[in-house]
Amino acid sequence: MLALIYKSAWDVALEERPVPEITRDNQVLVRIHATGVCGTDLGIVSGRYHASSSIILGHESAGVVVKTGSAVDTLMPGDRVVIDPTYYCGQCEMCRTGRQNHCLHKAVTETGVSADGTFTDYYITEDRFLYKLADHVSYEEATLTEPLSCILTGINQIKLLPNFRTIVLGAGPIGMLYSYALASKGVTGSIVDISKDRLNMASSITPERWQTHESFESAIESMAPGSHQVDLIVDTTGAVGTQVLSNLAHGGYLMLVGLRDGINSFNPKEIVDRSLKIIGSIDSLGTFSTAHYMIEKNIIPAKKIITHTYPLDQYIEAFSALGCDLNEKTLNPSSNAIKVILQSS
Amino acid sequence: MLALIYKSAWDVALEERPVPEITRDNQVLVRIHATGVCGTDLGIVSGRYHASSSIILGHESAGVVVKTGSAVDTLMPGDRVVIDPTYYCGQCEMCRTGRQNHCLHKAVTETGVSADGTFTDYYITEDRFLYKLADHVSYEEATLTEPLSCILTGINQIKLLPNFRTIVLGAGPIGMLYSYALASKGVTGSIVDISKDRLNMASSITPERWQTHESFESAIESMAPGSHQVDLIVDTTGAVGTQVLSNLAHGGYLMLVGLRDGINSFNPKEIVDRSLKIIGSIDSLGTFSTAHYMIEKNIIPAKKIITHTYPLDQYIEAFSALGCDLNEKTLNPSSNAIKVILQSS
Amino acid sequence: MLALIYKSAWDVALEERPVPEITRDNQVLVRIHATGVCGTDLGIVSGRYHASSSIILGHESAGVVVKTGSAVDTLMPGDRVVIDPTYYCGQCEMCRTGRQNHCLHKAVTETGVSADGTFTDYYITEDRFLYKLADHVSYEEATLTEPLSCILTGINQIKLLPNFRTIVLGAGPIGMLYSYALASKGVTGSIVDISKDRLNMASSITPERWQTHESFESAIESMAPGSHQVDLIVDTTGAVGTQVLSNLAHGGYLMLVGLRDGINSFNPKEIVDRSLKIIGSIDSLGTFSTAHYMIEKNIIPAKKIITHTYPLDQYIEAFSALGCDLNEKTLNPSSNAIKVILQSS
Amino acid sequence: MLALIYKSAWDVALEERPVPEITRDNQVLVRIHATGVCGTDLGIVSGRYHASSSIILGHESAGVVVKTGSAVDTLMPGDRVVIDPTYYCGQCEMCRTGRQNHCLHKAVTETGVSADGTFTDYYITEDRFLYKLADHVSYEEATLTEPLSCILTGINQIKLLPNFRTIVLGAGPIGMLYSYALASKGVTGSIVDISKDRLNMASSITPERWQTHESFESAIESMAPGSHQVDLIVDTTGAVGTQVLSNLAHGGYLMLVGLRDGINSFNPKEIVDRSLKIIGSIDSLGTFSTAHYMIEKNIIPAKKIITHTYPLDQYIEAFSALGCDLNEKTLNPSSNAIKVILQSS
């Protein structure tokens, strides 16, 4: 099968790989149909985020069961499924203190980062990581389950009130899903993006009562005209961080979810004196089932958030649509796409 | 009455002030008996923390009711009480979104910071801020209620498991109370202090199963010999902060409670990639009643934590015991005292 | 002023009462404009729920400030306000352990039950119980704030997941508000009412994705065709209760919010063996501000839920619209109204 | 191997069974050393609680790994382990909505109830259900991990405050562990038992600040002399239930954990009007690791709670010590034992 292989920064290529084989009796072989291109993929490709060399990229995926291990009794060939790519052993110190998203084996088990992923035709996982799809949910829509789950995990870190004034930085898929996930909990806010093209696209698919803004300043002025302070800022870009701390109301939350090197600084006295909270969150933890439900019930408008779809062999165009030019080796934060999906052959 | 007045950095003095008078029908006049010296007092006196000029300092206090407004029906003269000094209006945006510790009026109502405090003989407050003392609780012990309440508020920000490996930086009163409050929730850990004298004193009053260490390195080696990572670090000193981020396990918490200017920095990618949380917490929020209960039931060994008691007119000696030399205008983090109490005349 | 007075079961009448006067400096005199008729009012009038004799009924209300006590600085005459009628002292054992809705003084302070209410022209309360209305919110819409707040308090007792299959029994105002409050947290479900008229009315105003059913059996068949078990049943009628326990999934919740005498029984082994929870909830607790926000933002379609409005002197017609015939002394659970409002003169 | 087999009510016997064999690659064969006798075992034997015919009883157990499946890489022969007997598939609707203790496969997978248990020499489970024991923890002490875990799961259903006045009904192992688990969260209370012998034994091992009482009346008078109302009542006997509802303060919790048929009744109006909560809880859910930690750290005095130990072939004496006379076919709630352990040969 052809697979999109990561070799080193800016060096990725479609290469032939053998179809993986079931080696444990709870494993399942899935024929991949669709995999979303995630910001993490761009980070890996551009050298910003570490991945193991020669692994197959891709982790937001759905497909169909083709073969099952001898102990699998809940799934059978032909079952359409979405994949939870966050493997956890369930037995290490992290897993047993409620942090399965940081399983101590992650360094060799993280799908599409430290273990083979799904930008290819076949993928092996265990039965417990598969969720059946309702007939009306397409493989493409289903790929949004994983990023949505990560977002629900992030939101679970916050003692949220519907009346929290909220700003989400970045109108990419994570920003859009954050706004929908927050809206599904009664919260209203603004989405900010510096790319006019992307913002235009986002404007037509924001949740009810949500606004879009071209700048943080404009958003803060609109959300909190007097105080210029809001209760929750979600930075999906990785580029803003503590720069906006002064725009947090006392007791407010800065949620960091963008994987990007940098230096953020703050005065600890301000953090203490104003009861501020800085929360990092990665991967999903106990929320995949709820994300699966929300996609199935169309609480998240998955179809609209997916703006581009390409066959796997056009991965260069797909990455390019997200501002990642594999030929020029440049990563431009601005783009006119929201979610881009790669379809396996 | 004589009152300890803050004028400006390093300029405090006992001055004559009129006994305050009840002006609202829900107010109560309290004859102050004892007030704890708080790190915030040292911060104000030394110019590190802003306070309004000419206010009376002091906010961790207990006394006896001497007069009540016409609408007060739950208290009468002679009632021994501990005072919740965290005034809140209950009507502003902060109060009505669960952040009474950040009431929008705080800038003119914070006892001993922006409003007259209790290093004196009399204090006016509203009935709702007073809690009756059981006969067996001394005024001195009762003064620990307020700092304990702040700590319970801090701990409420954390999804705590008993199995969280924990290090508390600083064996002052806040450090000791943090260790006891955490122990009361089943948590075991280590207390670190660079002052040998204070550490010796602390060693004899740590909670069951808790350790003391002279350095963070020694504590981390003892708590987590392999990984050198723990789940919760509470920095009560204000001097360490994000320096210890690499010693937090994935999903761990850095709790900041020391009011001290500085610059803390971090790489946002690490915060995200390891699901770290940085939590600032100040003042108390809905926990005063529980703190009151814990002092009353002797769950916190208040008597042992109070190592020094002085009459108000020996405030120079009292501050000196905590490393704050009012004559030399120096603040030394090291000290041989844990909690110091000033008794009104 | 004319006031609707409760004397004893089935004995209510409009009588002249003096305009109340401010006696404490934090009090506010409010000119009442609108008050919702609550199920509790029907319960009192019909003798099902105890109230103090000769009090003025009514507690879901909004009006305009006409006079303020000397210590009131957040409100002024002319301010349009909604009233939180759940008085609490803040100083008793209940208030200080997070149960202000069960303040020990409730037996003489409960608006419209044990203290004078708002089915009249003027009402005295304290400043802290008043919330300013945005210009676009009518007094009538604002009256839904209190019942909505009670419902948010109820929901806070549940560890809710969006994927909880839910049935709400009763399409009255409480049932409709429960469905909207649950929907605002991502939950989908069914509303059941035995009154076809009311169900028809409800059908046109259910939240997105919610259904209506004429019978519990029909709802359960639709929600859970295989198992006939759902995760949450809210009984707003007071007439069903534990009869539906067998239709709760393991770990499910039976929320009871209807005030009606009866005998419910269960086998304790079933409760234990299936981890079932039976939750009673009354009045509001820390949620008024969020309810106020949700009404203001139109997250709850208050206008549609209010199906009937009468001037106060047509209270007989108003009660009648809800199935409560004051002449015949009969209370019929069926009705063609959802929310009925009485407007003061 | 000899195994204690349940055939039907009052018909149990030691019978020869083959040593089970590993059939899945994540399975582990454990040589059982010690298994606690649980109230559920008494319930099964006496016909009060349903179990599958011909299964091996016993589920609170510890032993040593003797063989591992090919995919097991965290355990090896010789590892001393405690067993989490609550199997869950992780893939059904219950497991995926946070209710693994009610896995839909429970009817054929519940250790010692619907699947073979551990009152024998060997037991097969999966690696994820085994927790390594520290050297200083005996197999007997380790058997308390499972009941403690169930109790931690129960307590997680409650919004607990340290100041909750608490009464635990029954001084058996569950009652004693409840008192310790509550004490580890700062709560103080009383334990009630009608058996003087057992109460005497319990008196010497109650947590600090806890009391024992011979009757509920005596306990309530001591805990709440004025109101006769407490905040939390835990009924471990299954025989009291809603009889004590009137002794719950408003907003209080009745926790039911005793598996016993009966009829409990209540007036739904009281549940609503007083915000009462009735909570059933069975088995453990996400708390095994914390229980394991608490046993290891000796936060629970496991050695003292275990009052009797017998070899497996003296199971008749062991059951008898708990009031269950297998010859006379009588179950007497009174007993002079707290925890009884059966040691495999």
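Lettered A, B, C and D in written order, each chain numbered from 1.
Criterion: a contact is a pair of C-beta atoms (placed from the backbone, for glycine too) under 8 Å apart; a residue touches a chain by one contact, two chains touch by 3 or more.
It should be emphasised that the depicted structure is a prediction, and the values quoted were computed from it without experimental measurement.
Superposing the C-alpha atoms of chain B onto those of chain C requires a rotation of 180 degrees, given to the nearest 5.
Taking C-D and A-D together, the pair of chains sharing more C-beta contacts is C-D.
Centres computed as Cα averages put chain A at a distance of 41 Å from chain D.
Among all residues of chain A, those that touch two or more other chains are 97-98, 161, 163, 289. If you check the complex, the residues on chain A that touch chain B are 49, 94, 97-99, 101-102, 157, 159, 161, 163-164, 231, 235, 238, 241, 249-251, 256-283. Remark: chain D residues 24-26, 70-71, 74, 89-92, 96-98, 127-128, 131, 286, 288-289 touch chain A in the complex. Chain D meets chain B in the complex at residues 161-163, 184-186, 188, 209, 289-290, 293-294, 297, 299.
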